[in-house]
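Listed below are the structures to be examined.
Here come two complexes built around subunit A, the first alongside subunit B, the second alongside subunit C.
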Partner chain A sequence: MLKYAAKRLIQSLVTLVIIITIVFSLLRLMPVEGYFQNFDKLDKNQIHAALLSMGLLDPLPVQLKNFFVQLLHGSLGNSLIYRPNVPVLDIIADKAPVSIFMGLASMAIALLLGLPLGTAMARSKAKFWDKFGTAFIVFVTAVPAAVYYLLIQVYFTDWLGLPILFSESDPVSWILPTVSLSLGNIAYYAMWLRRYMVDELNKDYIRLARAKGVDSKTIMKKHVFRNAFVPMVQYLPTSLLYTIAGSIYIESLYSVPGMGGLLVNVIQRQDNNMVQALVLIYSAIGIVGLLFGDILMNLMDPRISFEKKGGAR
Partner chain B sequence: MALRHKKTAAVEESINESFKNLPDDELFTFAGFDEAAAEKTGYSDYSYWRSTFQVFLKDRVAVSLLILIGIILLFAFLQPHLPGQRSATQIYNDASGMQIRNLPPNAEFWFGTNSIGQDLWSRVWSGTRTSLLIGFAVALSEAVLGILMGVLWGYIRRLDRLFTEIYNVLDNIPQTIILILFSYIMRPSVSTLIIAMCLTGWLDMARFIRNQILIIRDRDYNLASRCLGTPSRRIILRNLLPYLVSVIMLRMALAIPAAIGNEVFLTYIGLGLPVSIPSLGNLINEGRVLMTSAALRYQLFFPAIALSVVTISFYIIGNAFADASDPKNHI
Partner chain C sequence: MEQEILLSVKNLEVKFDLRGRTLNAIRGISLDLYKGESLAIVGESGSGKSVLVKTFMGLLDANGRITDGEILYNGQDFTKFKTEKEWLAIRGKELAMVLQDPMTSLNPLKTVGFQICEALELHQGLKGAKAKEAAVSILEDVGITEAGRRFSQYPHEFSGGMRQRAVIAIAVACRPKILICDEPTTALDVTIQAQILNLLKDLKAKYDLTTIYITHDLGVVANVADRIAVMYAGDIVEIGKCDEVFYNPRHPYTWALLSSLPQLGVKGENLYSIKGAPPNLFTHIAGDAFAPRNPRALKIDFVKRPPYFDVSPTHKARTWLLDPRAPKVDPPESIRKLRQGVSANG
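And then the complex of A and B:
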């Protein structure tokens, strides 16, 4: 396992370098106007000086080399436009905690509601819970999140008398954003858990357990749930780590001072250092999350092995 | 043991007894050998697509939604040509020359007017038209590109490592960068949006097809085909892809609501269509600004309902069609 993990990590490092190189080059294709807010008022010399100071006039390989040298010294550089001359990591450290905390809370809600919902749906095929759950899942997955987030904010703030905007000191104002954030995940967990559980319920060993006289609660808990949960475990580390990214809709609707939309924002304002740092962090999270997911799956179900290639299939 | 033996003996006897009483023509007799009859083979008039439609038509919810979508599509494209309909972009003034701003829904303006005096009814239809166009175009090109790349990725073993690496890289490049670069090269328009969405959208489809192909590639019947010297092209077209019709259909049907939702997202972050081209994303965004005032919420409400009806319908129809096109569900 360790050898496998080490191999995967080295591979991921190469992937990361390629990703960051491509993003770095793409950013250099952006229009020069984007670096200035008052482009029309500046004369040529000012523009030249500003570009020179940002290091944008060097040839691309030189810029790239400088970036990687800087990275090896453990620095992601300073923000250029978003908050000039503030280290990128400081900005992220400033914004990430709110997003992480809200993301973790919403994940907890999603697991607490989604897993029981999925189980209830699998147990009551074509009865109330199944129909209710299906309707909920269809609504949440089909309707774009922006729409139902908006409707929730408009109507629930009225009906429940909750504050429209988020404030860190007021715990009541956390409720709506966190719950809205968890809706998508509730549907996701419920949908897949139901599917895996139904698959599992149709297997022969469950029939044998029933024939032996094992009561259905034990069957559900010990056999069905445990086996059905294995394929879902794979996604947990990734979604856990991605809570750092925040949600662009939720955070802008409730004006939460988090990471949501930061990437989009800095791309639009062409703050190259910020974009590179964020892309680096997010892709690293994606890759590491996948690796953790595989390891976790292996721990949950020792039958799954990564060391040797699978059989004929 | 002895008891059981006794019982079976009794049963045997009673069976023999009843056979004795049977008339001769009910007993087995030897059949004659007919050479012509031996040549006859089994024949079934099973047709894949007919069975698919038969199963699909049994799902009443999906069929009614399909009819609804058909009507919406028809009306969305006929609406501008019908008599008595207003233009979606014209600003209407009242008798004194003032713009009719924020007029609530009434007999003349069915959905009311927006903040600069445009007719919301025709704007919603026009927006639905734009969004559906985007949805169909993106879903179609994603399917073509995704299936092509997915098949190559999954079927040709030597390409697997390379394609997986390319996928990992492309998947991690933010869509926003590509979109901004694109709208910088081309003007923001419906086709720019479609191209930019397709540039990143086919990745998921390709990975999905690849995983499916990996699963069935080495099944015995494909192995047999390969041993018999069937060319790869024929194996892919005849053995693999028909097997995947149902999942591809599902993916395509889901790609339509996804593309419509993506348009809403892009408008939300300010990279969508210009305001002069109404789309559901644009309309929802306009409505969002006004939602704090309860009297003006209809401007958010109507486009949101139109959007939800369209996306939910496609989702349900897609699922029903995918179920129907799975031969396991045929009789």
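And then the complex of A and C:
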């Protein structure tokens, strides 16, 4: 197991290095405006001097080497336009806590509601819960998120007397954005869990368990749910990490000071260093998510073993 | 000799609802299972053999229902069972089952030991170390070596034959009175098949079981069965002792089935096959269900369903050919040879 984890970790690191190299190289093709706040006011010589001092006129491999050295020292460079000369990581550290908290809360809601919904749907195939859940899933998947987020904000604030805008000091104002954020995941988990559980229910070993006299509740819990959960486990870490990384729509709707809108914002304003740092962070999140998913799956499914064991068969 | 009847099926009818249509899967079956015997139910795919035994354990699919008849066991009528609770007192405890495909009949994420202990705990109240001890001894009983180590292994670490042994171990761990083996060897290698059949025979003696085999392999039947019930289109067309059905078959379908045995074929000639297809069970079947495929069918076979005619006290068949008024129809050549073989030997 440890050996497998180590191997996968190294693979992930290699993937990350490749991604960094590609992103870094591509960003060198961006217009140089992205390195200046006051590009219009500068003349050619000033620009040349500034680029030279930032090391941007060095050959690409040298720049890349410098970037990696910098990265190893725990720095992703400074913001240039968004908040000039503030380290990128500080900016993110400012914004992350809100997004992380909201993400974790919404993830908890999604698991607490999505898994029971999926189970209820699998259990009552073609009956009430299944139809209800299907309607919900179709609604959440088919209607653009922006639309129902907006509907929730407009109507629910009114009905429930909740504040329209987010305020860090007022916990009640957290409810609607967090719940809105979890809707997609609730639908997603319910849909996949139902699908995998129905798959498992039709398998022979369930028939055998029934034939040996296990009651349906125990079969659902010990055999069906557990086995259906394994294929889902692979996607949970990724889904968690992306939820933590924030949602553009929700954060702008409720003016939540989170990370969601950051990437769009800095791309629009051509803050090259920020774009670079954020793209790296998002790819790292994806890779780490997959890594954890694989490791979890490996822990839960005895059939997946990457180390040779003696004595089998 | 009067034998004790363990389970008695009376005029059982099972229907399935399929996309708004009704399929008559079992059309009025009556059958007695004697204590300690080994009964084989043979018939082609779709003849209703699996459906029949599923009704004994309340394991019919959701769209299937018993529309008529009784299944009597120990003073209870299974067809009257409404709740799962009633069935839980039967499943495993009284009847247990071995399924066809050992590759899929074990939960891949639980150890073999866990799956045996589950049955031990349910039916014998054993837990923890005691359950493990009992499970290991059952594993040894079913012929798994190094049972202690195998106990904590997962199904994927077992070969096909060993998995079927594990499935049998689970069935035995329930301590049932009746063991239903639904094509227990179909998915196995020929070499393993014989081992599994011998194992089942040994366990039958050791645990005092009554066994029902469902199979379409007549070789299996000859090996293990005391009695044979031949099923066609949801009905038992002929039932009798193993020798009686093999050497003195009376129903044209049984003739056709036996003639299909490759061993009865003549070298150089095409193997015998039954022409036509089984009847459509969505429609009402008048007369003998096999008549349309039977070259020797009488006129009445298309009109009126034959009753059972006794051939001997233990052997009966549902065919008009046995009616005293029927013209004499000879069985096919290959069947006559079988019979001669018997009279020459006996």
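We adopt the following convention: the second predicted complex is superposed on the first by the 271 of 313 C-alpha atoms of A that agree within 3 Å, B and C clash if a C-alpha of one lies under 4 Å from a C-alpha of the other, contacts with A are read in each partner's own complex, and residues count from 1 in each chain.
Note that in this section a contact is a pair of C-beta atoms (placed from the backbone, for glycine too) under 8 Å apart; a residue touches a chain by one contact, two chains touch by 3 or more.
Computed from a predicted model, the values in this text were never measured in an experiment.
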| item | value |
| --- | --- |
| Side-by-side fit of subunit B and subunit C on subunit A, or clash | clash |
| First (subunit B), second (subunit C), both or neither touched by A:288 | neither |
| Greater residue coverage of subunit A in the superposed arrangement, subunit B or subunit C | B |
| Touched partner set for A:81, first subunit B, second subunit C, both or neither | neither |
| Which of subunit B and subunit C A:5 touches, first, second, both or neither | neither |
| Which of subunit B and subunit C A:111 touches, first, second, both or neither | neither |
| Subunit B versus subunit C as contact partner of A:71, first or second or both or neither | neither |
| Partner chain(s) touched by A:31 [first = subunit B, second = subunit C, both, neither] | first |
| Overlap of subunit C and subunit B interfaces on subunit A (superposed complexes) | 312-313 |
| Residues of subunit A defined as touching subunit B within the complex | 15, 18-19, 22-23, 26-27, 29-31, 138-139, 141-147, 150-151, 153-154, 158, 164, 248-249, 261, 263-264, 267-268, 275, 279, 282-283, 286-287, 312-313 |
| Residues of subunit B that touch subunit A when the two form their complex | 165, 168-169, 171-174, 176-178, 180-181, 184, 215, 218-219, 257, 260-261, 264-265, 268-271, 284, 288, 291-292, 294, 297, 300, 304, 307-308, 311-312, 314-316 |
| Subunit A to subunit C touching residues, read off their complex | 203-205, 207-216, 222-223, 226-227, 230, 300-303, 311-313 |
| Parts of subunit C lying in touch with subunit A, wherever the complex brings them together | 57, 59, 84, 88, 90-93, 96-97, 99-101, 104-110, 118-119, 122-123, 149, 153-154, 156-159, 167, 170-171, 173-174 |
